[in-house]
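Following are the structures in question.
Two complexes, one shared chain (chain A), two partners (chain B, chain C).
Our next item is the complex of A and B:
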């Protein structure tokens, strides 16, 4: 199981780097769907091996909501032109990839100096690294969709961490996060639609969230 | 026996290097639904060029003419020290390790660039500038890869790396190894001038290495081209034998085994060439400045290999 955890964990790190590399929103959304699929499958295997119903339900929710519904919803709200459009970037692509890597190292150092003493899971720094990468994705792009995806990557990594390292964590907390997220995306979609109807010249740019 | 095998390896590389390029060109044309040139076209080109008269720029120094001979000799030396058709060191094997081989490749690139600058051709200068910019970023990838191999095998000897990967299934299947494989594959595309990094067309937009030999003609151009074919052959062989598929390489001294493996090695090379041709035919060229992002991703893989090693306590 540890091997699978490490494999999925580093695949997630690589997928986030891939997202940093991409200019097209469609590719970023599809990459997010793939990363959710991997986490859903990991939770499913973990739940099956431990005979833990909560994890299996969580896996099903992850696959249904994050792999299927949210990417589908976002893609359907993406105007054709935005499938091709380059989102604005605060930091250049090359620099953001290097910063992402440095965050992986930072997560490793932080984990080794703090949490590792108490839980001694060898590869426990991986979810922390993905959280940091998600935060960085949010701040490195000036585009609402990418910022939402960055936020969901953080949430995904929480599931990833909880599923492997703390499988006994009350299910309600995890499901609660999931529902929060679903609500957030739906509300964001409605807000975007409202902005599109009212101030089209601003929404045409799919401008960043401003607080 | 080792001297004999060294000669066999040298002849094998020198003779079959143009064939690999010919097969690659043919496959690319087939992908475009064209008949394409014969797979022996590079041999015909070399034959033609060797018979042609050389033209040297008036302003060039003697170094311009010497460099093709020196670099070709250095490529020949490299064929004697890398694991191409043997998994045991040949007579010159202990002379250099991965770092040493990398330094010789670097020295060849440096000499070519100096000669290109010496030609005073604007396009050559442009090529040197581009190759240097990308090379400055791609070299750290190779260094990181060699460090990772050093960590895995406690040496930088390519023969030992081959033996370790052949015999240790756990290392072969490890994530550390596969991150290194991806990183080297991406670096290989840069080093061999394939798409999406470089397109070999007649316009200057995509030129990198191609522009460096712009002023050469006749025998010197033939040697530069042949050297380029050998470089590609060597790098592909190292990728196959030390990275992605180190199996079947004979680890004991035996002429029959080596000759048999030579055929297997050609098959391995042609499969790799097919993969390259597929990439070449399906991916478009990046804008020049996007190449650096590509290199950054390759660097990420090499870097993550080391992170995996430490994050998993060096046991995966």
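Our next item is the complex of A and C:
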């Protein structure tokens, strides 16, 4: 199981770095769907091996919500022009990839120096690296869709971490988190649509938002 | 036991009725629902504490339930007249009330559940149910502030989710009553998890350093939404922080929370000095008050704890009054700039006095409840850290007091040539009512203490 965890974790990191250099929103959303698929499958395998029914249900919910519904909902809300739009980047592609790699190293160092002493899971730095990359994706893009995906990557990594390290986390909590995510994406979809329709490219010029 | 679930049933039923495309039905149902929930909250106040499988209602929970219910009531009443002034609302009225009811439902849920993970779910649900309410003005800044609210708060709350997962890893339970009694936990992991959980919940409470969404949202949302955000949403998030602090009694964790609270007071007070916009000014004042409340909750001292709750309750009524008043000001003056609002006393006498008194109340002036609350917290700081830190804290409180009240006085008492434009209606009455309640709180301190002492986690 540990090998599978490391393998999926590594794939997750690569997928996020892949998102960093993507220009097209559609590809970023599809990459997110693949990332969720991997986590859903990991939870499914783990649930099967441990004979843990709630983990299997959670895997099914993850696949339904994160792999299928959310990407579908986002793609259906994405107008054609935005599917082909280059999401505005605050940091250049090259720099963002270098930063992403540095974040992986940073996560490893932080984990080894602090958490490893208390958790003692060899590959525990992987979810932390993914969380940091998710934060970086939120910061490095001005596009609302990409920012939302950055947030969902962070949540994905938490599911990944909780599923592997603490598989007996109460199901009601995990299901609640999943439902919250679903609601958040739907509300965000509405706000993003309004935002794309009305807000100019750079929003920092609103005088009132200073100070 | 059934009575504890009744407010939820009423709110769900009211929300369902708001789906029908009838504005008057939605308004009527929401008024009725808020009245029933308020009455029920008082009944719950008189009932014994509860600790069931998913429910945990102690004295503090009860106070929060009452507070949420009454601010919900005044917000619905204020919205009845205020919504007429929103020129191109994002949502139809029935949907406005639908989201408002769901928002209140999620807040009530957050303060009565026993499981730390479910508290997180409830607080995150408040973001979902309130995001569109922030953008109701339907202009660029309102939509942008709604987006900032969603993304910053959600990212902050992911941090608290990391914390919740770590707490589970350390204790193998998320039941707040069990965590508090655990003798064999992985304490270092528990400490780390608690730090994350507090930082995340504090983001939602507008605590430094992840407070940046708060002035934008409070500054741009319509008045009733700014009011409900500032007066009960922020305290609900702080309640999450309190649940962590009361379950995990580690001095370093409490010190961390005190430092966050202290920095919030310092930062907000400094930013208050140069505020040009009155709604943003009250938003920064909320940061300052939440900072003080956090200090009181984290001090582990019964006077400071009582002070924090008194400040929380009194601030809720005062700040809602302040924001309702700013809505009336905006309707007449059509500007958010302090410098462009003159002669309120002649033009909007009821609102002017509401704003002046609520300005005094939110900055802790006597004889409002906030004064006693801050005094008790300062006493707690004195016991723990000595006179020097009390003086430092007091200096920043004085800066905040001067900044807010100077600007409010300038808006209210400067001369102008305008005629009176205010009629006696609900939107003028509600702010006066709330600021009066903020004053009355000082007589209820004994009752609050009694309610708090009837049941705690430990």
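Assume the second predicted complex is superposed on the first by the 191 of 211 C-alpha atoms of A that agree within 3 Å, B and C clash if a C-alpha of one lies under 4 Å from a C-alpha of the other, contacts with A are read in each partner's own complex, and residues count from 1 in each chain.
Operating definition for what follows: a contact is a pair of C-beta atoms (placed from the backbone, for glycine too) under 8 Å apart; a residue touches a chain by one contact, two chains touch by 3 or more.
All figures in this text were calculated on a predicted structure; none of them were measured in a lab.
Enquirer: With the two structures laid over each other on chain A, which partner does A:99 touch: chain B (first), chain C (second), both, or neither?
Expert: In the superposed model, A:99 contacts neither chain B nor chain C.
Enquirer: Chain A residues in contact: does chain B have more, or chain C?
Expert: C
Enquirer: Of the two partner chains, chain B (first) and chain C (second), which one does A:75 touch, if any: first, second, both, or neither?
Expert: The answer is neither, since A:75 touches no partner chain.
Enquirer: With both complexes overlaid on chain A, does A:91 touch chain B (first), chain C (second), both or neither?
Expert: It touches nothing on chain B or chain C.
Enquirer: Of the two partner chains, chain B (first) and chain C (second), which one does A:57 touch, if any: first, second, both, or neither?
Expert: In the superposed model, A:57 contacts neither chain B nor chain C.
Enquirer: Touch check for A:108: first (chain B), second (chain C), both, or neither?
Expert: first
Enquirer: For chain A, give the residues common to its interface with chain B and its interface with chain C.
Expert: none
Enquirer: So in the complex, the part of chain A that touches chain B is made up of which residues?
Expert: Per the stated touch rule, the residues are 3, 6-7, 10, 13-14, 17-18, 21, 93-94, 97-98, 100-101, 104-105, 108, 122-123, 125-126.
Enquirer: Mind pulling up the chain A residues that touch chain C in the complex?
Expert: 114-115, 117-119, 131, 134-135, 138, 144, 147-148, 151, 154-155, 158, 161-162, 165-166, 168-170, 172-173, 176-177, 179-180, 183-184, 187-188, 190-192, 194-195, 198-200, 203, 206, 208-209, 211
Enquirer: In their complex, what parts of chain B are in touch with chain A?
Expert: So the residues of chain B touching chain A come out as 175, 179, 292-293, 296-297, 299-301, 303-304, 307-308, 310-313, 315-316.
Enquirer: Which bits of chain C are touching chain A when the two form their complex?
Expert: 54, 90, 115, 117-118, 120-121, 124-125, 127-129, 131-132, 135, 138-141, 143-147, 150-151, 154-155, 158, 161-162, 164-165, 168-170, 172, 174, 186, 188-189, 192, 215-216, 219-220, 271, 274-277, 280, 336
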